[in-house]
Every structure is written in structure tokens, then in C-alpha cells.
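Heads up, the thing below is written out as C-alpha cells.
We call the chains A, B and C, going by the order they appear; numbering starts again at 1 in every chain.
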């Protein structure tokens, strides 16, 4: 039985995560549940999109990624089932797949039909339990998407308006795409665009050179590295770059080649 | 092998959750562990009772719900094993089953006997690990309750003194039963007692009408909906009703029919 | 397939825990993952060492404990694989095994060789995903340590400089070894060194006698008990001893026999 991973903003004090899991295990008794993240900031679709993009391909083919950060629950937003690279996504059509798909398109995409896949009583406030969990369970159990909904046009899938990094002959312009628990500022600037001797500007500060690891500088020092997302990352060794520089997600980052 | 769910106030920084899980997996190697909630406010039995009531029936029959929010550990409170509707409860006899049972009685109830089911060294501070986990594992593994303890009178089971909602010809009076992570004020007033055109008073504010979903109002607006517990719920779309109204659990809620 | 437990400081908002789990489940599809603790204070190796020591032997033989609190990632610290009492440890060689091993030595110890066990692209910032997770998965899958690295001298294993409790004819001197979520002050003083009538001094306060359980005193009162680690513990019933006394880890604790 395939894996079902869970990404939510439900926290771990209420019973919501437990209700979702119960719904899945009732419909797909042998499913392997994997908690990825439940402490996404409430309603922060962009953060959930970041998390999803990081885990998407790290799981075996057949894995179902269930993502419920769903400000539009009960409203007009569609419920969606996507397949890409052999993995599945189940969740609201609110742009949360934007980073996982990137510029690409999924292999298949379906609008989940509540009449076909929701539990008997579909609440208006908790589709994670009543719609997405049963759908994810049935996909994990091997049911055909056609039993759960209807195909949709790939172009109709919601996308977040994410800034793209740009490069010219003189410089690279990007931004902070995610701030993690440690206060690391993870940018959207690909490693291949940055030379080891680059000058990096953000938050009114200049950092000279990209180092091999956090440990290349002393504790408490700012450092630029290539992070585990394969992009430029600004950190403070054993500290928080976000706090040090008072910057967060969306902060512009400018990278210039070595000063002459 | 059945599912064992875990509801605790242990948090996820210490090793306590890990010790409980180790004890279960050692005694019932094939058990499926499901984390429901570990961030219940320390000692908040009422919150744990709420969580338990939400998940109880959502799991397959045979599931064992292990709940350890246990201010009375080491004292005179009993250790308890209940069966109701095919699911099991293991935990302290401190009222935490009150909402799951409601007005009803369990099908069977047992006082766990430490001599029969505790590990070799029963600490006075951590029955979650030393008594409840081994008991839950043995129940999950199919052992008879009689091997673990003795039957108790249903009437002797501890119950929380929970306020009950009331209705008269003029109005409905209930209260906030739970405040969730999002600041939603979940009341104990059943959906069937509330008309779509009702006037709702709480925290010095009046809300007119029950809407279909959070998205029926603009972001930042107060809204009354029927929540996923099947009761009246007061929310702020994309915000916290608890913060907006400065009210918490226990806050009285008055519902009157439509104004003439 | 054996159990792989996870102890990290990754938190549960980012995708890091999910990436580690994906790497394990990709390499060892049937592994049973167990979340022990992901909210260790960032970089707090001593807290992680405490957690690991509590869970080490509570899991069945063959269990792999994966611990990633890794300030030295990308630097010179070794990656390590240990075996002790039939359980495995995988993680950085930064002293995190100090409390689990105590004064003892492991049965076998290996330096993980990135060339043999890391994933194709070894980042410099996330060995949890790229090195430790694949190694843990392969150990869980039954591979020989020799396929993953080379034996190391036991004496070369990093150890934290942990204070040891001492006793003389007049008194016992120890310290607070861990402060848990509840504010309990768990000391390193073994139960067998403390008489029920002892006088305990810490944080400018004196506590008279060791009680049987938290419930031996009224709510809000300070109490000394033998905690679930088998050591002296200072608590406030239904409160936080750490807050009450304004003391934390490392605080000296003095125990004297009964006053005449």
C-alpha cells in the first residue's frame, strides 16, 4: 500500500490531524502515513508550496501527497488531484503546487467531485477530513482518478504569482523564497548562477563570497552558502540570519560578480 | 495488528513521546502508531477530552486510543481501560473520556491493575510509559481485558463537569467548548438548534445570521458557521475570532431567532 | 523491517523532516519510521543527547536511532555509525551519544564514508537528508557497516563534557541535567543516593524530603520526587519548577541527609 504524506497548517494541539488520519486509515487500512509538516503558518499557502516542492520527488513513485492549507474551504475553489512524475497530489486548487510543478505541467489533473469522493456529510469547513482524506485514501488504494472526478485543463490550475530570479551581464536579482526554523534565508537564485567570489547584497548588508559550508565562518558570523535546495542561502552560523538582518520572505537579493 | 493512537501533553522536545512509543512497539511489534496530538496544553484534560471525542469513531474498530494528560499520576486516580463502539480507550480515569462518551456508557470498563500490566519498574511520575503504554500494546495485541485488570461500575467513571447547552422558546444558551489553533470558537450548540437567520451574541458582540462557510464573508470579518464538529462556530475569516473578541473556552453564547 | 527513530531540531514547519523520511523510505521501503522529537532546541546537542539516552533501550533490538542535531554539518566532524546493545545510532560525531553510552563503550563504531553511503549529490548543509538518512536506511535494511564506512577507535568518539554527580559523607552534589516541557528539573543524582528525608537545595530554595509523587503536595507547591529517569527531580505540582525557581540546565543541586 502506498505512502500518504501530510502537509497541513493544523498544528498538533487540536484533533484535526487525527481526524484526517482516521479518515485515511478507515478508507485505506494499510496506508503508510507520513507526517511531513503540520506547523505551516496558518493559511500560508506559499510556505506549504515550498515544503511540497522539497518533498515531492523524494518519495517513491505512487506516493500521495496530501496538502491541506486551505483558506478557501467551503468556497468556490476546486478540489484537485494531480499526477506528476509518478507521485500524486491531493488538495485545494489554490496554487500550493506552484513550486512543485515549477514551469512544468502535471501528467494528469482532475477536479475532485464531492458527490463521488466525499464522505457522507461534507462539512463546509473541513474538506481535509471530508473530501481530501477520502480521496487520497482511494488514490493510495489504487482507484482510478476517473472514479473521483473529471479531468481539467492544465492551464486552469491555480498558480501563485511567484517572483522569478533574473540575471543580466552585470548581476543576478532574486529574492528570499523561504525562511526556515533556523532563520536561514533560502533564496531562489540557482547555485549555477553564483560564483564562489560573488558579492551578495540583501537587507542593507554585503556579503563577500560564497563559502563551502556554515562552518567556514566563526559562530555568529554571516555566511553565504549553497543550501540544500540547490540555491544561494544566507545564514548566520549557530544563529538566525533572518533576525540578524531583520528580513523575511520576499526580500530582494542582489548578486554581483567579484569586485575588480 | 490494530492502530494505537496517541494523545498527550508531552510536547515534541523531550523524549517522553519516544519512550511511550518504544514501550508500545516492544510489547506489540506490529502495532501501527498514529500521532494524533502531543501539544495539548499541559494538564488540560478538557482539551484532551475534546480531541478524543473528535477522533474516537473516525478510526477502524479495534483501534486503541491512548490518552495521557495525567495531572494525577502517582496519586489515587485509577488507570482505566474502556471499550465503546468497538474502539478502546487507555488512560487515567480523570474525565478525559467525558466528551467521547457523552451521556452514554461504555460497553465495558476496567480498572488496570499495575501488578498485572505495568512494566517491571513502575515510576510514580510516568504511567504513560510504564503502565498505559504496555496496557495499550497488550490490548492491541488482542489480550483480554481480564488479563489486565478488573471490571468497574460504569457509574464510577470520572466525568468532567461540562456545561450543557439549553434551549427555550426564546433562545438557546450554550458556550465555547473549544478554541482551536486558528482561533475559531467552537461552541457546544448543535447545528439543528440554530436557524440560518439567527442572532448570535458572545463577548459583547452580535453576529447576524449563520453563513454557509468562512468564505461567505470578506477576509477579516466575523462569521458564524456550522463547523466540522456539527456545532455553531464563530470565526474570523483568515483571522482569529478568539483574539478579535478576547474570549476563550467557557464563554457564554446566546442564540436568538431572527429579529422581527 | 526494523524501526528507524528520528530525533532532530528541524521543527515541523519546514520540509526538512519530510525530506529525511522520504530518503529513508526510498532506500528502505518497508522501514517503520517513528518520530521521537523534532522540536529539540536548534543546535542543542546536550538536549538531544538526553532524549537519545531515554529512548535508546526502549526500542527492540535492531532499531536504528537517527539523530540530527548537527551544528558542524559540512565541517570536519565525522559522520558516525554505532552499535550498542543491539541498537544502532546514526548521526554526527558531536557527542550526542554521550548520555546513551554513559561511561561505557559501544560494541562497534564506524565512520560513515560519504563516498560509499551518501546520495548522489551531497549538500554541505543537510547531511541528515543526504548522508545520515541513506545510511540509516541501509543499516535498517540489513547491510553490513563495512559497506558504509570504516571502523574507528572507541576512544576517538566525541563526548560532551558532562558534569558528574559526586557524593561524600556529608552531602551529594549534582546538577539539573534536563528541563522538560512541564518545567520539571530533572537532576543527574541517582535515586539510590537520596534518602526520603533528605534536604535539597537549589536556586536559593530548600526542599525538605523526597515525596512519592507529584500528588503528595498541593497544586502549586514545590516537590522533590524520584522521576522517570530514575533520578532526583524537582517539580511544582501543576506548575513549572523552572519558572518558579528561575533555574535551568546546569543549576547546582545539593542534597544533605536529614537535619538532626
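Keep this in mind: contacts are C-beta pairs under 8 Å (C-beta built on N, C-alpha and C of every residue); 3 or more make two chains touch, one makes a residue touch a chain.
Note that the structure is a prediction, hence the values are computed from the model and not measured.
Colleague: Hey, what angle do you get rotating chain B onto chain C on C-alpha, to the nearest 5 degrees?
Modeller: In degrees, rounded to 5: 120.
Colleague: Do the two copies chain A and chain C share over half of their interface residue numbers, or under half; same or different?
Modeller: Interface between chain A and chain C is built from largely different residues.
Colleague: What's the distance between the Cα centroids of chain A and chain C, rounded to whole Å?
Modeller: 31
Colleague: Using the touch definition from the top, which residues of chain C touch two or more other chains?
Modeller: 12, 35
Colleague: Which residues of chain B touch chain A in the complex?
Modeller: Those in contact with chain A are residues 3, 5, 7, 12, 32, 34-41, 47, 50-55, 58-60, 178, 180-182, 212-216, 225-228, 233, 238.
Colleague: Going by the contact rule at the top, pick out the chain A residues touching chain B in the complex.
Modeller: Within the complex, chain A touches chain B at residues 9-19, 21-23, 25-26, 29, 33, 35, 42-43, 71-76, 123-126, 129-130.
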